[in-house]
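Chain IDs A, B, C and D follow the sequence of writing; residue 1 opens each chain.
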Amino acid sequence: MAESTQNCCDRLVVDPDARDDARMRLRSIRGHVDGVLRMLERDDVYCVDALKQIKAVQGALAKTGDLILRAHLKHHVVTAHQRGDEDAIVAELMDVLKYR
Amino acid sequence: MAESTQNCCDRLVVDPDARDDARMRLRSIRGHVDGVLRMLERDDVYCVDALKQIKAVQGALAKTGDLILRAHLKHHVVTAHQRGDEDAIVAELMDVLKYR
Amino acid sequence: MAESTQNCCDRLVVDPDARDDARMRLRSIRGHVDGVLRMLERDDVYCVDALKQIKAVQGALAKTGDLILRAHLKHHVVTAHQRGDEDAIVAELMDVLKYR
Amino acid sequence: MAESTQNCCDRLVVDPDARDDARMRLRSIRGHVDGVLRMLERDDVYCVDALKQIKAVQGALAKTGDLILRAHLKHHVVTAHQRGDEDAIVAELMDVLKYR
């Protein structure tokens, strides 16, 4: 709307295909979280079975993050020098990536 | 002794306090996943904002896993030698922990 | 020798077989680190090639950690209830494992 | 155009400052690995002490990887569109980053 923005790049929106893919995956992840919740309703649930399910959800989230990251690199990071926002885009990306 | 089971230890159920805590956290995580989904409905969502939210959900899941792991260690693993299922309990635990 | 100890369990030494295996792996890791250092002497080294090597060293370290963890679980954690140091052993183990 | 090469970008060398910083850190990491090796020479080393040291080395390696990654983003990725090697540079970067 106005000129000034909080972060460097909020005109840079998630690519529509990546956004569709991410939403599909997140709906599946929500269903998986519901499944773990139902599992934990039972008083006979075994610790390691719950841990395995949580690990599976983490893997699915990591893949969702990877696809958004790939889209961000492809659509925004590789063109940052041309736009002139390269310092900001690298700083904020490292903030998300570092040590993960 | 009785009906043999697939894993060593399915009589070893998640401690009730840990189970309550994990369910509370998972309900919050489900809400967080819903929030990321709503964020991704918008066509002006910025990649790095989505990545940050996914990273936050991963952190919350990791903490939930940690509390179940702690309960498993405290209630089941430290007593495994007495029950005699130590080989099985170590093998299946390493399967979940390794390389994570 | 004396009664008071810094941590609960410093009488609990690394199993000799695991110790031999870990040393063998760490010598190989040291060689790998030397290789990355030599790679970085060259002024024509490519970023991604260095990143791949660092990732490989991290994988080798993770496997070394896993074998010591497995030995710790097998030789010390599963017997903690009998020794009576279970609270301390779980607390310090979670400190190393959490969020990793 | 010229001699084709295996990866897209092997003319893209590590920035000299980042290379110096990485070498300094890797020399320190090598010393740390030596320290863990000496620790494991002793037959009274405690598992968790070894695990803590390995975790510390992993943290130092992760920081070294982060600084090379930051240099790669800053010096090579943000200019990829102008060079025209963006598809290759994104593909190989995701290969290193994914799921880490």
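The criterion applied here is as follows: a residue touches a chain if its C-beta (ideal position, glycine included) is under 8 Å from a C-beta of that chain, and two chains touch if they have at least 3 such contacts.
Computed from a predicted model, the values in this text were never measured in an experiment.
K.L.:
Same or different: do the copies chain B and chain C touch each other through matching residue numbers, with over half of them shared?
P.N.:
Comparing the two copies, chain B and chain C contact each other through largely the same residue numbers, since over half are shared.
K.L.:
Which chain has its C-alpha centroid farthest away from the centroid of chain D?
P.N.:
Looking at centroid distances, B is the chain farthest away.
K.L.:
Could you work out how far the Cα centre of chain A sits from that of chain B, in whole Å?
P.N.:
Measuring from centre to centre gives 19 Å for this pair.
K.L.:
So, what's the distance in Å between the C-alpha centres of chain D and chain A?
P.N.:
23
K.L.:
Report the inter-chain centroid distance for chain A and chain C in whole angstrom, where each centroid is the mean of the CA atoms.
P.N.:
For chain A versus chain C, the centre distance works out to 30 Å.
K.L.:
For chain A, what residues touch not just one other chain but two or more?
P.N.:
62, 69, 93, 100
K.L.:
Touch graph of the chains shown: is it line, ring, star, complete or other?
P.N.:
Looks like a ring, each chain touching just two neighbours.
K.L.:
In the complex, go through chain C and note every residue touching chain B.
P.N.:
Contact set of chain C toward chain B: 59, 62-63, 66, 69-70, 73-74, 77-82, 86-87, 89-90, 93-94, 97-100.
K.L.:
In their complex, what parts of chain D are in touch with chain C?
P.N.:
7, 9-10, 12-14, 16, 19, 22-23, 26-27, 29-30, 33-34, 36-37, 40-41, 43-52, 54-55, 57-58, 61-62, 64-65, 68-69, 71-72, 76, 92-93, 96, 100
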